[in-house]
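In the two assemblies presented below, chain A is common to both, partnered first by chain B and then by chain C.
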Partner chain A sequence: MSGEFNNKTIKWVDDRLPIFTMLKHSAVDYPTPKNLSYWWNFGSLAGFVLVIMILSGIFLAMNYTANTSMAFESVERIMRDVNYGWLLRYLHANGGSMFFIVVYIHMFRGMYYGSYKGPRELLWWLGLLIMVAMMATAFMGYVLPWGQMSFWGATVITNLFSAIPLVGDYIVTWLWGGFSVDNPTLNRFFALHYLLPFVLFALVFLHLVALHAVKSNNPLGIDPKGPQDTIPFHPYFTIKDLYGMGVFMMVYLAFVFWAPDFFGEPDNYIPANPMVTPAHIVPEWYFLPFYAILRAVPDKLGGVIMMFGSIIVLFFLPWLDTSKVKSGRFRPLYKQFFWLFVIDCLVLGYIGAKPAEGAYVLIGQIATAYYFFHFLVLLPLIGKIEKTKPLPHSISAPVLKGGGIPAGATAKPMEKA
Partner chain B sequence: MRKVIISALTAVGLTAAATGALASGGPAIEKQSWSWQGVFGTYDRGALQRGWQIYSTICASCHSMDLLYYRNLMEIGFTEEQVKTIAAGYEVTDGPNDNGEMFTRPARLSDPLKAPFANEQAARAANNGAYPPDLSLIAKARPGGPDYAYALLTGYKETPPAGFALMEGMYYNEAFPGHQIAMPAQLYEGSVTYADGTPATIEQMGKDIVSFLNFAAQPELEARKALGVKVMLFLLVLTGMMYALKRKIWADVH
Partner chain C sequence: MAEAATHAAGQGETRRDFLLYATTAVGTVGTALALWPFVHSMNPAADVLALSSTEVDLAPIAEGQSVTVTWRGKPVFIRHRTKEEIEKARSVQDSALPDPQKDEDRVKKPEWLVMIGVCTHLGCVPLGQKASDPKGEFEGWFCPCHGSHYDTSGRIRKGPAPTNLPVPEYAFLTDTTIKIG
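Our next item is the complex of A and B:
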């Protein structure tokens, strides 16, 4: 097995614990389709952000105090008196927003190119679990600074569970650890906010295990026909991902250094006050589409069901989409509805930020209806009636623009594959 | 692909615009130009010191600034000796001493700015039931930030527009949401005599106090922007090299 390693120490370790073989298989030799576009950078970017979040978070936790009478000020002491504390906190706060931007793009990419289709159903599911864990983590993290939005956001969201018939109120009391959002709530949210990222890390590991079993999808949505269609992950994708990280860091850090409160709410710089309700309670931007769906239904329980349903429906996506063709590139009809769906999500996000009154209510309801219509009616239907474009013979074929050239003839000596 | 980028940008823009529009309940706030704006923005030390003069002589009679310490005044250009003198002008409670008694002593660099009232109840009792908010973060804690603070401080009208029902003990302010504010106008021509001889017009005083408030809310701003410039230059070079390397490594693939 470890005959591949020349270094004696590495060989000695690898014979007993094959971590080097594992690394070599999954980060060096891993055969990757050669036609991946830059949309495929967002997966590794998400992993990169997770690492930044965990590192900055650990150092923040060393200086944070999870107590209702001290939390707000402890955050401000981090900002003012901890060496580079402002950098840690702004990296962490903006990192949360960046994490969602990157993951949402990653998911839309998966939807456009049909990356959830067999045999990648479990890969998609693991990704969705990652998203759910991220949402829980982000929600609880936003509570920790104990500002006005922290407190009232926590109150509104935890109150959703009171919509559950019969046991709802008991569940809410159990979640709070008392009869309102208070010190026990803050304490357990801190504990969970520290725990969940490691759960997230484990899920990401499984996501990668699944990925390396079924291999990466690609913009053509067809399987590699042989070694001529793939290139080793290293150095091709290591350098491509590193380049992407450089570009990403410039966008991310532009916010950190010049607009650190862009994604935040001014109200969260006011210490939490249970006696004063802010004029508008809005969740963080990444929850706005779901918030709009929640509010689209006049009934509380109905709204909660719809909101959770909007995430649950994503788990059924691999079977709701009936098309045999994966990539949107060869699906002229689906392609258009994909963009309509993206616009629908943006509209939902916009409505979620608006007060629930006047035309906003109606627009929100239409957009919510369309969200489910897209998954439950359009996707099954389009797959049946759509006339897809012919698929290329292999990944190499369209790269050479020759189309019909036998795949084997395109292999180049430099590829070493 | 371009379509996607545009949509992604619109998404961010839309939500941002939405949250921004949502947050501002009051009238439009006029944008001011501040020395700390922009990529290389820094604070004007003169304005900060004049702002401190206004805070300490006017605002501090009602508003606390709990997050600031006297030592922080060295960051706005005062020398250590000057700040020690400033601090020594305030009596703070300390203790208990060896006899178990609390005592007062002149404030030191390591003390937080002395608050005008012992607690919220005392502040309300002295202010007709209204609670003057702590000003440490006020420049970040209101939609519009420093522009709003400036508009508020300079937005008082002697008489409200016809038909406006102003409650007893309230004042008409154009910038304040609802236009009724419990704080009377504080800045009048010549309210302070500036130590540096700058003419104390209402606009000048408004700018100076808001500068100080913004410093109080974002004392890290100068360090942040200066580090940002260095980091961004480094990233530009690094990413450029990554791109060149990527091109070179991929040259044999397509």
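Our next item is the complex of A and C:
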């Protein structure tokens, strides 16, 4: 196997520990459908953001103090006194928002092109677990600066568990390590906020193992018929991913340098005060659609069930969508409802940011109902009644004149470049 | 199918199976028990439990005034209620209450209302302690987070909160001093 390596040192290492073979197999030779669009950039982009987050986070932790009497000031010290502390913190805070933007686009792409359909069900599940771990990590990270939004966000979210019948209050006391969000809570949140990114890293690794077992989906949603339909990952997609990263960095750093508090809440620059709730509590933007679903139900337990249900329903997506065709490109009906669903999520996000009163309540309830209607009624139904467009014979077919099978392609596949 | 295999192979296999099951069971139960210290370490520690009572002097609180004190890291509302407020709280029909409770059962002395100022929905501190605060539709307290309205007895009347504001354990040490907890 390691006969492929000319360098003697690499060969020596690889014979004993085949890391170079693994790397070559999964990042160089990995046969990638040659028709991937820019929507396929967001997976590697998410991995890139995770690395930025872990790096900036480790250096922030070197200057942060997880104690209620010192946390807020230690963050201000990072901002004012620590060399480049402001840069580390703004990279980390805005990186969190970027992470969710990238991951949400990655998920919507998967939904449009049916990337969750067999045999990629577990790939989709691992992605969802990554999302859930991200949400927990982001929530606990937001508590650490110990501002007003940190404190009250932590109070509201941990109180969600008090809705559980019988044991709810015990669970909340256990989560807090006391009778309110306090020093023990801050300490454990810091410990877990440091731990979870490494769990995330492991999940991302499994996500990639699953991806490389079932191979990438593509905009046509059909399997490559042979080597003529794929190109090696390197250099074709390494360079395309790098280009995407460059564009992404321009957007990300524009926020870091020119609007670093764009995604933040002014109230979080007020130290936490357990006696005063801010007039208008809002979670970070990436939780707003789920927050809107929570508030749409006028019953406490009901709201909590709906909120968790809105994530759990995603796990059933591979079976709720009954269509045999993967890509939305060939599903005229689904395509329209997909965009309606995207709009619905944006409406939920908007409602989540508004106070729970007047017309906002009603709009929130309609948008919540539609969210579940999309998954539980529309998706099973559309798959049954939709007349899909004919699929091309192969990935190469649509780009070749006449749209047919390239001459001799089936008989004698092209040699891989 | 395991049974079929053991019967085919004779008596010795059954005894071996028993040992395997017993070992697995003991190992599983043992591991589960060993987890408890880790789980329990996250529950309130002894020092947190020790800080569990607060004494309050009521003498400086005039009629129609409220104060907020801290007990176990939570705000406790103490209100010196006016005659009208008491009357209002006592004239309500049970059917108008999502969590029916008599005002008489929520106070030790009618003019002193003592309760934990934490909304039973998701833990925000309701407004209504200051004269300038919005007090909601029932002239008691109003939670700004998700719009729960409480009446002059701290009972939930409207909004997502499931229960009344809880009354902590407290006792009158003298006519004008209470001990909470």
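We take it that the second predicted complex is superposed on the first by the 404 of 417 C-alpha atoms of A that agree within 3 Å, B and C clash if a C-alpha of one lies under 4 Å from a C-alpha of the other, contacts with A are read in each partner's own complex, and residues count from 1 in each chain.
Methods note: a residue touches a chain if its C-beta (ideal position, glycine included) is under 8 Å from a C-beta of that chain, and two chains touch if they have at least 3 such contacts.
Everything quoted here is computed from the prediction, not taken from an experiment.
In the superposition on chain A, A:W174 contacts chain C only, with no contact to chain B. In the superposition on chain A, A:T322 makes contact with neither chain B nor chain C. After overlaying the two complexes on the shared chain, residue contacts for A:E265 are found with chain B alone; chain C is out of touch. In the superposition on chain A, contact of A:L242 is made with chain B only, not with chain C. Look at A:Q336: by the touch rule set out above, it reaches neither chain B nor chain C. Of the two partner chains placed around the shared chain by superposition, chain C is the only one that A:R188 touches, whereas chain B remains out of contact. Contacts of A:N7 after superposition on the shared chain: neither chain B nor chain C is touched. In the superposed pair of complexes, A:S69 makes contact with neither chain B nor chain C. Of the two partners chain B and chain C, more residues of chain A are touched by B. The contact surfaces that chain B and chain C form on chain A in the two complexes overlap at residues 279-280, 355.
Looking at the complex, you find that chain A touches chain C at residues 152, 155-156, 158-160, 162, 173-182, 184, 188, 274-277, 279-281, 295, 297-301, 303, 355-357. Those residues of chain A that touch chain B in the shared complex are 34, 37, 39, 73, 76, 79-80, 86-87, 90, 101, 105, 108, 231, 235-236, 239-240, 242-243, 246-247, 249-250, 253-254, 256-258, 260-262, 265-267, 269-270, 279-280, 282, 285, 288, 339, 342-343, 345-346, 349-350, 352-355, 399, 412, 414-415. Remark: chain B residues 1, 3-4, 7-8, 10-12, 14-16, 18-19, 22-23, 25, 39, 66-67, 72, 133, 136-137, 140-143, 145, 177, 217, 219-220, 223-225, 227-228, 231-232, 235-236, 238-239, 242-243, 245-246, 249-250, 252-254 touch chain A in the complex. In the complex of the two chains, the chain C residues touching chain A come out as 39, 42-45, 48, 68, 70, 72-75, 118, 121-125, 143-147, 159-162.
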